[in-house]
Structures are given as structure tokens and as C-alpha cells.
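Supplied in C-alpha cells, the structure appears directly below.
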């Protein structure tokens, strides 16, 4: 889900790329030695734009041939081209020593702002002058994010790159396309690889997801037109479906009479790891709701059928902590032990014993647990609540795939988008953390 | 020429737009009264992205219905959403009071930078969320530039808008298209209106400029695909043409045998006033040289036939100042008086008398006069020298159109692009102001 | 109008083509001498398809370089490759001498049919194997039609070519496109040249005809996609317009409230002389009525404003004949003499004197005069009646252009297409010659 | 191979279509009863083109809902609309009773020809006025061909339909497209189904066939743009490959240095059963040779690796006949018995024993056996020889798939296309049956 999972496709691609491009050790060492020179040349060498462009293209190719260690080394070198502390101090002194009218003041503001921009921004931006530069930078940020996880000192660099990309990937530049079985096979192959929620098993499965009772929409940027940025899969039905199997099954969707009344968003996948933290999902859902409303005037209900990916990790922590609290009803161990059976959900007794406690715990998790206030702990829930949805239903044994059992004990949630309430829900959630929630869900807490 | 002239087309469009959109006085007053509220709402109102987008769309429409005075009023209101001086002071204090490692320092840099960003930037950027938002902002900057000319206090606002647009119109995002007689009539009508150097007289003239012995290329941005940003017209010939008439005449260009050897860039027009100061011309010329080289392998010479738009204004100042200098050979008045005859160039005696002094003065103007060192005073010359061209020839009676006589006494210059020397020329010019120049031109100074 | 007028554009093109391609006399003679050999080679030379294609391409190029006399010579040569009379006689004998069952009989039918096909058909068809072959054959038939007019002996050849083209240009293969101001300029230039009813004066006039209150649709064949076959111009109004000026004037059409109620087909032009006699107009009108009904649900009236091109020629014959009939009221000479004044319609007295008799005579012409029963004499009328329209109104001083006065004394007719009556009208007209007609028109006869 | 095999895809489609469309018995009977009326209405009912079109659309839909028996019934009814024998006799009498000049004679020829055209042609042609009419007629002919096989009385009908389609599918109207992995998935799915030579196993196999070392080209008709008519798969290699496995394996093709020298056409599949007998293969191969030559200037050898589909059936007949001839060396039974072992080719002894005799017999089959002189008996061989190829090599154990063993005892042939010899080879083959053949192949006969 949103900005969380690294798509398998991307992993595969990166891995392969590294294999293909990995050089012999000797050659690699030579290249690293040359790297610093190339970086300095790009930033400091005199000369016109023509030679600058040639240098930046060389540097891009050098980077692409590096393995993971080499790339970390590249970031370390790049990290040297930070703001000039002396220049910053000077600029602050100059800023503070003057008085003057508005125009003069704002001129000083601009100069100070300029002094606070790290040279690395200029260098990163210049990659866009090379063909394919945007995709290059997006992938470079994906690499950088992995490095940052281990070593926080790259954070400023990473933030600056995010700012550059955020300006380029402004929602106003994105194009929404409906994806059908008539899309290029090369594109669909890519799309299937990016699916991060419910794995595409084969071409027949993919075709099924693009049939007349389904819709698939994706955002694209004009500078990388054959790369989806994020896509959503929708099933057109006549009821608020609670079981993922029903949706993934063939020809399940539109009932006989009069067209669909309900659109279920059953998968939203971010495709570009390097765009993590730059959100399109909100706009995507709204535009899709808008498009579908026009095509099917009888559509009334727009809802998701979503995983609850953080449930089990939280449950383990929560139950083991509770068990150690005196006065709390123990039993956490029992729950976890029942869940550890491989196909516990087929065991009617076990399932019956678990249903009550797990539904209650899940509701608690969704309504009470926060990442940092006011944000809900569950990332998928947080995404939909931020977009103005409300938590409509929690479904028992809704996804019994291995992933579904492992992450959320087989439960799934419906988040409901009601056009008239989106704004209010969003507002209440982002300002005070209030979670819009259907009454029966809240009941589960008691 | 480059970023200089306001295209007739744009003027016409704006004028018409104002007429069409101008409201009755009463309605206009009401609207201005509402304007401030709308601005404040956009910046300060709580609420989700949905309502934010609705508010910004309202504001954009309000703006479009304003006349020139109303728009100036809008900018004045917008100017109030500048940086918060108190917050800036606080941020500087906070920045200066700490010490710390690199990561911590860079975090403070980011916070200080954020405090230095005026709220108006956020508001301007948000227009892009509306359909057609990019073109809206480009046109808004065109309006703003007119206001800035009269009143410098809008300069910081204007500079910030330029920065936003410069990031969006990064050369890497632009698409180069060849324009032919098969382009949409609606597009060609627009293009003809934007021609800023040699007026397009009618459709036959336009068709002639797109014939097989010509080429026309334009840059486009994906967010405004039917709007050219800048375009260049090229004639394919077999010699370094020095007369503009020869080029504009029908079927003048490719000689019988073996295809063209020379490409003359006879017109470069910026189309979007609102992108003034954001340069594409350099990249345009280089890409076109590259494309033409591939299509016509026998092409050896790439040169312009360019106006010298600043010559006459400079000449008036220069001659009247010189006449007042003791010891200088007077005669400036005589020159100016000869030039004031409406068709002096048809008078053989006058033309003969003027040729020597004017060619010398023109050479002096092009080689010696600076706007601010190292930049040459003439804007067209500066553009081509910055791109790495050299001044190859000055042509007498090269453009005897009214405009040609009025601006440059009928003279034109050839600037030569030699691929191997572009970088060196550029380098020498931008660092030390050295002007690459053919020997015969330099001779004229003596 | 339909299959009648040779478009100016086409004339111009042909004339120019001949000039461009005309060879010196000596070269031309040589070529004619070679022509027969080339023809024989194409039809009789042994060899595979590869060499056949090369030969046919050579022949096509030879043809294109011929002037009018050379082309007539070509047709004469081609005329020699008619059916083999001896073979026909033999085939008839063979056919008649057998008896046999159905299958055997039909086999003989096929063999006899084959013997009746002239070899020239095979040769003509083979031109399609050359790039641009379809357009070549269409233009070749245009040449042939001119030759046939003078010399009937080419008629069988011309009919066979028409049959080939009729099979290729089956309505099922044609594509209907809406033409807007966004069409390629090269295409619009061509379209303007083909306009055969109301001359396109300049690009502004053309743009005006493609504005939002107009529609223009054209049929195209996939083998010559940038060539319109036939096009119709429609004005969207709120009343049954009777004056052509009103329609050609700028921004005349849609009134303020609620969109158009009436679509006036004010020009239908065939573009390809070589497709004369192969009718698309019927299908064009029906599909356009269909498209417009979908776009403008309030459209109720579909009518033409049409010229009456055969009126004046008929009138001269009719009046001079009548004047010689004893017992008939003379006066024809007076009418013709009044009409001969250059701007008689500006002379109120003359116009008043003419109105009554001319309206009556025109009605007589349209309702009573036949080309060959049941077809009406007037070609435009015949076209619309065949399509199922009815004669709705005759308009006095409706088109006072030179052409309008010369052909139809300034009168124009409205033909009305009422969807529910199209079939009945068509049926009655083609089977019994009955002309659907509004009562007030019929009144005029009395 | 060419016009021989019914593609699996088409079979599947037809079968499925029948199931989907099959009506209840009662409804079917009703429909048949109505069918005759509908047919008569289409041919004889008075009325304009509008109602005619509506009737023909109704008839097309009725047809599509029929099952196989219903369709045969339809053809029987259609067969009644044959030529009118009385009218034919009359026309022949009229033709024979006159004398006259050329023009008059040709007029009679046209009238007699018209009398010889069956009304069913007019009806069939009219289906093209319905959307999708061309594909409908192509599929209808596929049905008709199946019926003809059982009952020759439909042959005249079938031949007339072929003539109509042959005129529409003239090679000049076809468009050659390169098919890549960027083609729409829906299109590629269809293409894979049409592959008639080497089955496409899955999407990975398909992708592999469209990789950089392969090429795939298909012909299309503008009236059915998403339907391939015929396609060819080419592998780019550096030698005359004799084993199909080598080609179907992944990444087998282009060797390291300097690009491919050899293009192997390893699969040619006709896609439309209903176009049987209307040949495109010749033009396809020539255009592809032409395109590849331009892309890869080092390509020298163009050859096929082809099945020998008629070998085994012929072998059975031939050997059993030979065994009964006194004086001939018996042994046929031994060969057939060895071949009947399921994987005989893995048994080294059996394979060794068979190689000599089978290679000799195969050569005899290819060089000596005729369908009807001069055409070779083997259909694939006949196709390539007609196109001007020569038999270059016979390969032992070249295709050990089940199909390869069953049809051609595992052998395959290379046919070589040498541009300079294509015409001569074609000429010699079609006029005198002479088979161009490499010397080593001819050696095998001894």
C-alpha cells in the first residue's frame, strides 16, 4: 500500500540491473577513483552548457555501473557538496546588519536563501538535461532511501532530492489513464510487477482484472510516459464486498440488472520507490471516483477492500506487553499460539474461538493506536482517513492468502468514500485525529 | 528576439481577453472587495485538499475577469503574503544559537530555508492543481512583468514566480517538434502571431516558410502542448546569405545540385512573455543544429542572419555625446539627419556617404559596447555570443523593411556556429567578455 | 454539387501538373513510341509478380509525364486490350452446347463471365500494387472522363474503370471525419480548393466555416487518407434560413438560448472528379444527421440551402421555345432581357416585375421537368430527392453572388430531411418520380 | 502454413461463438422460418437505402445466432438467388443477334456480363454497409468453405464470394506492421492463437519471439485493423539454421560481432480462414526482405526453416503402392514400422537405419511429386517455390515435436530467397515446373 511496500518488480529490476552492470573489482576501483573527479568537474569546472551536459551524462553512466557499495560511496562524495558553512555565516551577518524597506529586505531574503542551497541540488537537477534524467533521479532516490535507512547522515541530501522531485511531480503535471487489455504488453508486464497488494498470478489473472466489470487507472508523468507512478484496481459490483476472493474471481462483478451500484477499490500500488513520501494517492482516488460517476450514473457507493498490514506486528507487541501487566486479562499467548497453526482458519473451533477477541483487538488497533498523534498507526488506514474516507466495516476471514494471514490474521477493512463527507472527515482527522467510523465498528470495542 | 519583444500575437490576445472579460464597474468593485477574502481563504483556511482546489479555481477565475488595474490590485494584495519578518528573525536566532554535527546543522539549514520562503510561493504553486494552471501562471507572470516595470516593489514576487516556472520549464522537460504545413491550422495561426522578427504577412508567406527548403522547429512543454515556447526558422541554402529578402522570397533556397550546404537561422522568436528570463534558445539552436546535421550530411555552415535591434538607439546617444566632445571628429548630426530621410537607402549618394561611417560605428557598437561587462550591449548579439557563436559578417542594406531601418539602419549580422568552437567561444565570452569575431569584421574598426 | 462541377482546385492541380510534367516534343514522341511496348509488356510479358510490379510502376510514371494529347493516345492504346471477340464467340458456343445440373451450369456461367472481362481491367487493377495507386487510378479516370465526353468509343473502358473503383470505394470502407480548425493546414488548403458551391475567399472565411456554430464533415478512403472524397458544410441555427449571406457571415449561427434547433446543409462538394457517378452523398447526409442529433438533442430540423444550377440554361431553352408556340402567353424575351442587366436585383422595379413569373417558372422547373423519367432535371434537386428529402421552400434573391445570378437567377431551394419520411419520400421518388413537396411550393404553380 | 491449416485460435473462436450464440431449439426453428423472408426482403423488397441497410443488419445478426446446421440452411437459401437461366438465355440471344461497331459490341458485352452475375453477389456485398461487415463476410466464407467441402453445390457461391473478397483485399490496400512486445496485449493474445506452425506455449514464449534478435511482421486491412491477416516470424542469426529448437530457444539468435547475417523465416501463419485462396504470402516475404535489408545492411541470406507437412501422408501411400510393384525393392513396411515407434529418433540404431532412405524419399517427394503439374505436391514447398525461392537443404531430425514427427518424420527444409534469382526461379517454376534446388539436395536422389 501507499509508499510502504517495495514492489517485487522494482526489487527484481534493481537486482538484475546490478548483476548486469557489475564490473570486475579492478575496474570498479578505478571507477571509484575517477568518481570524485567527475563530481568536482560537474560542479566546478568552467565551460559552457555543452560540455556541462556531456560531463553530467558521463557521471550518470558511471553511477549506473556502480554496485550498491559503489553507490553509497557516490552519495558520500556527493555529501561533501553541502552548503558552505562560512558562506552561510557571512550571509547571515550580511542579512542581519542591514535595515531597509520591503523591497530591499526581500532582496536580502533571496540572497540568504540562495546561500542556504547546497550545491548538490544544482548537480542533481542537472541530471534532467540528460535523456531519461527524470527516471534516473527517481531511481537514484530509491537507492538513496535504502542508504538513509542505515545512515541518517544522508538525510539532508535525501530531503533536498525529495523537494526537487516533489516540484517536478506536482499533481498538476500528472496524466490519468485508464489501463485496459489493449495497453501494450510491455506496459502490462511492468504493471503486473508493480502490483503490491494482491499478486498478479499470470496473464489470465491480469486480463481478468482488466475485464468489463473492472477498471484500472494509473497516473503517469510526461517525462516517463511508459512508467506508471501509482495505479488503482476497481471492481464494479452491487454490494459492499467483504471477501477478496469474490473480487479476484473471474466475472464476479456486475450483476444482471442495470449496471453496478458499488465501486470497490481493492488494490492501490505505488510503483516508484524513489517517489516515496510524494503523495498522489489522494488525487488518484478523487479523480477515479469522478470518472466512474460519469460512466456509471447509478454508482452510489465508493469503498475500498483494504489489507490491515500493521495488525499482526502490533498484536505481538501488544499482547506480550499486556500479558505482563497485572490486572489485565491474560490470554495473549493463547491467541498467538492459535494463530501460529498454518491453516488455523480451516479449523472451525479455532476460528470460532479467535473471532471475538481478534475482531475486538483489530478494532482497538484501528481506532486507538497512533503512529504519532494524530496519525493512525496502520499505514493503509492512515492513507484512507487522510483522504477523507471513513472506516465502514471490518471483515472476518476476508483474505486467507498466506500474506493476508501473516499480516492481518485474514481480516480486511472497508473504507467508505462518501463525496459529501470527504472534506469534513479529512478535516477532523488531520486536525484532531478524529476517526470517522460506522457505528457497528465502534460497537465492536465494547 | 530572445526575451526582448512582446509578440504582437500575445498583445492582441491579452487586449482581446481584457475586452471580453471586462466587467461593469460595479461588478468589478464587488470582485475586488471579494479578492482579499479569497486570497486569505486560499492561504489560511483550514480544510482538505478538495476544498483547497475549489478555492484556488475560484481565485483563478476571479483573476481572469480582472482588467489591468484589477490585476495590479491583485498583485498588491498578494504582496502582503511575504515572509514573516518576526518568524525570520526567530529562525535566524534559532539557527545561530546551536552548534552540532553535520546532520544537525543541515536540519537547521532546512528549517531556516523554509522560514525564508514567502507564503505567496505556496499559493502560486497551487494554481497548477487547476486544469490549464501552468499556462495561467505563465500569463500571470506576463502581467506581473508589466507591473514590475512601473513599480519595483513587486520584484521579489516576480523573482519567486520566475523560480517556480524555471523549475517547471527545466530544459529536460521540453519537447522539440518540427513544424510543417501539416501542423494544425489553429497552431500555425498562433505561431504566425508569435513571430517577432520578420512579420508573417499571410498564409502564403507562412506556407512558404514551411516549404521543403525551410525548416521550422519549436519547443513545447507537456502541460501546454499546443503552445509553442520558442521557435526558430531556418533556410537551407548554399551560401552565407546576407540579405533577408533573398530568404523570405519564395523557393529561394536549395540550389540544384546535391542539397544544401548552409543553414541560415533567420528568425528566433520567444512566444511566452511570461517566461522572460528563462532561456531555451541555447538548447534550441544546439538541438536543431544536431537534427539538421543528421538530415543533411553535406551541411557545413550554421549561421544566423540577425537584426541588430539596439543599434539606432545607441547611435543617437553615442553621436550626440561625441559631438559634444572637443577633439572628436564631429559629424554625428549629419549622419542622423541623412538617416531621417524616409527612404534614404534608395538615394545612392546618401547611401554611399553613410556606408563607411555606419559600418564602422556598427562594428564599434557590436565589439566595444557593453551592457554590463562582460555582456555585449546588443541583446541579440549577446544571445548568440553566449551560445558560443562568433560574429562573422555585418551586412549593409540587408533589411530595408520599416522595422529594419528604424532599429538598425538596415544592417544585419551573421553569427556563425562552428560546432568545434562553440564551447571555447562561449567560455571566453562568459568569463572574460572576449568576442569571437571574423578578421574582416575586426578590420572595419580601423 | 454532387458529381456535377469540376472543382476549381482539381482543375488547377491538373493544369499545373501538366505544365510541370510536360516534356520537350522530341522526348514526348519517344515516350509515346515506348508506351505501346510498355503496355504490352504489362499484359503479356511472362515473369513473376516482382517484375510485373516494376513494369506497372514504370508505366504509371510514363503516364504521369504525358500531356493531354499523350494521355488520349494512352487510352487509345489501352482500348486495344478489349475482350477477344473470337474467344467470346467460342465461350458462348461452349456455354450453349452443354446441358447439366446446377453446379455444372454455374461453372459455365463463371467461365463465360471470365471470357467477357476485357484484359484492360486486369491492367488497371494492377496499378493498385504501386504506392499511391488508388489516387492514381482516380485521377486517371478524371482524365478518361474528359476524353469520353469528346469520343464515345472510350465508354466501355471508362465504365469498367468505374466498376473497379466502385468496388474499392464501397461505402463500408469510408471513414467519416469531422473537420475543424485543428486539421492540418495542408489538408484545409486542399479542402478549400475543392469547395464547389460557395467559394472559400480566404483563410479567415475558411476558419469562420469551422467555428463552433458550424460543422464540417468529410468522407475519406484509407488508401488516400489525406484526400477528402466529399464534404458537407453545416450551419447550426434556430430557423430555416433562406439567405446564403446570413450563413456565410461571421458568427451568424447559434442564437443565445439553449443551443441550435436547425441544421442547414449549405454546401456539399465532391472532391474527386475521377469518382463521378460513384455516390457517397446519400450516406454522408445520413451519417451527419445522425452525429448531429447525438451532439445537439434539441435539433429538430435538418435542411439544405441549395443552388438550382440548371435553372437558367433550362429557362433560356424553355422560354424561347414557348415564345414560338402559338397560343402561349409570350413574354419570355422580356424576362430574359430583364435578367441580362448586370445587377438587376438592385433595381426594385425590375425585381418586382420578375419575382412572380420567375418563382412560378422555377417551381415548374423543379416539379415538372425531368432528365429522364422519373429523375428530375435539376441535378441538385435530383440528388436530394433521391436521398429522401422534400422540396420545402423556394427563396427569392437568396444568393446574389455572380454565380448565383448566372445559374439560378439568385434563387435557392431548401430541401428538408425529416427522418421519419426519408424512406417513403425516397421510395415514391425512385419508383414513380413523385416529388415530395411542401404545400406552399405547390401553390406557386397556380 | 499458407492457406492450409485452420489455426487453432480460429477453431476455438468459432466453437465458442456457436456455444455462446446457440439458441433453444424452438427459437432456432422460428428463426429459420424467418430467414427466407429476410433474404427475400433484402434482395427484392422495394425501398431506399436506409431500410435496405436496416434489413441487411438484421440478416447479419440472424446469421450470427445460427448454429452450424442453421448456417448451412442459410447457404442453401442463398443458393436459390443464383443467375436467372431464362434471363441468361435471353441475354445470349440478344448478344448474338446483333452486329455493330466496337462501342456497340462492348455495350452488349457489359449487358451480357451483368446478366451472368448472380443476385447473391449483390446481397453479399451489401453486408459491407454494416459496421464490421468485412470481418463478417470473411468469417462467413470460413463457414461456407466448411460446407463446400461436404457439398460441391455451394462452390459457385463460394467462388463468387472469394472474388468479392479478393477485390477488397487487393495487396495494394494492405498495411505491413512490425509487431513488438509494445503491441496491445489483446492483439498479441490473438496473434498467439493464430500461430499455426510452432505453437506459442505461453506469454514468455511469445515475448521471446518479439525480442531484439527476432522480428515479427503482419499484414492488416484498414477495415479490420486489429485483426492480422498473415504474419511471419523471423530469427536473426549468423548461419543457415537447420534445427527449429535452436531458433525457439531464448536469446539464441544474434551472435556477438557485427550484427546478423542471416534471416530465418521460421513461421508463416495465415490468420483468416475465410481468406483461403487469396494469397498475401508472396508480397509479405518480399516486403519483409526489403525492410530487413534496410535495417541490417550486413544481412546476406534470407531463408526459411519450413515444415514438410505432406511428407508422411504421401509416404504411406507411396510405400504401400511400391511394395506391391514387382521388381521394386520392398522395405516400405519396414520403414513405416520403425517410424511407428513413439520416440524412434531417440533410438540411435533406428535413426541411423532410417536416415538414408528417408532423406532420399523426402528428396524424391519434394522434387518429383506433383499435385497437378507444374505445382509441387507439398503445399509449403509449392508456396515458397512459387515465390521464387530455391530448395536449399533438407535437415534430418530438425523438428522432433509431436507434430514434426507426425507430419514430416522430423525433417525440415530450408528454402533460400536470393534476391537476384527470385524472378528467374519463379518464372521457371510456374511456367515449366522446374524446381530450383541446391546441388547437394539433388545429390540425395542418387
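Per-chain numbering from 1; labels A, B, C and D assigned in written order.
Simple rule for what comes next: contacts are C-beta pairs under 8 Å (C-beta built on N, C-alpha and C of every residue); 3 or more make two chains touch, one makes a residue touch a chain.
Note that the structure is predicted; figures quoted are calculated from it, not measured.
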Original post:
Starting at chain A, how many touch steps does it take at minimum to reach chain C?
Top reply: 2
**OP:** Please identify each chain that touches chain A as well as chain D.
**Re:** none
Original post:
Hey, which chain ends up farthest from chain D, C-alpha centres compared?
Top reply: B
Original post:
Pick from C-D, B-C or A-B: which pair repeats the contacts of A-D, with over half of them the same residue pairs?
Top reply: B-C
**OP:** Express in whole angstrom the distance between the two chain centres, defined as the mean CA positions of chain C and chain D.
**Re:** 41
**OP:** Would you kindly tell me how far, in whole Å, the mean C-alpha position of chain D lies from that of chain B?
**Re:** 63
Subject >> Distance between the centres, which are taken as Cα means, of chain C and chain B, whole angstrom >> reply: 52
Subject >> Where chain B touches two or more other chains at once, by residue number >> reply: none
Subject >> Residues of chain D defined as touching chain A within the complex >> reply: 180-189, 202-203, 207
Original post:
chain B touches which residues of chain A in the complex?
Top reply: 46-51, 82-83, 85, 88, 92, 95-96, 102-103, 105-107, 109-110, 112-113, 116-118, 125, 128-130, 133-134, 152-153, 155-156, 159, 164, 167-168, 170-173, 222-223, 282-283, 286, 388, 422-423, 426-427, 430-431
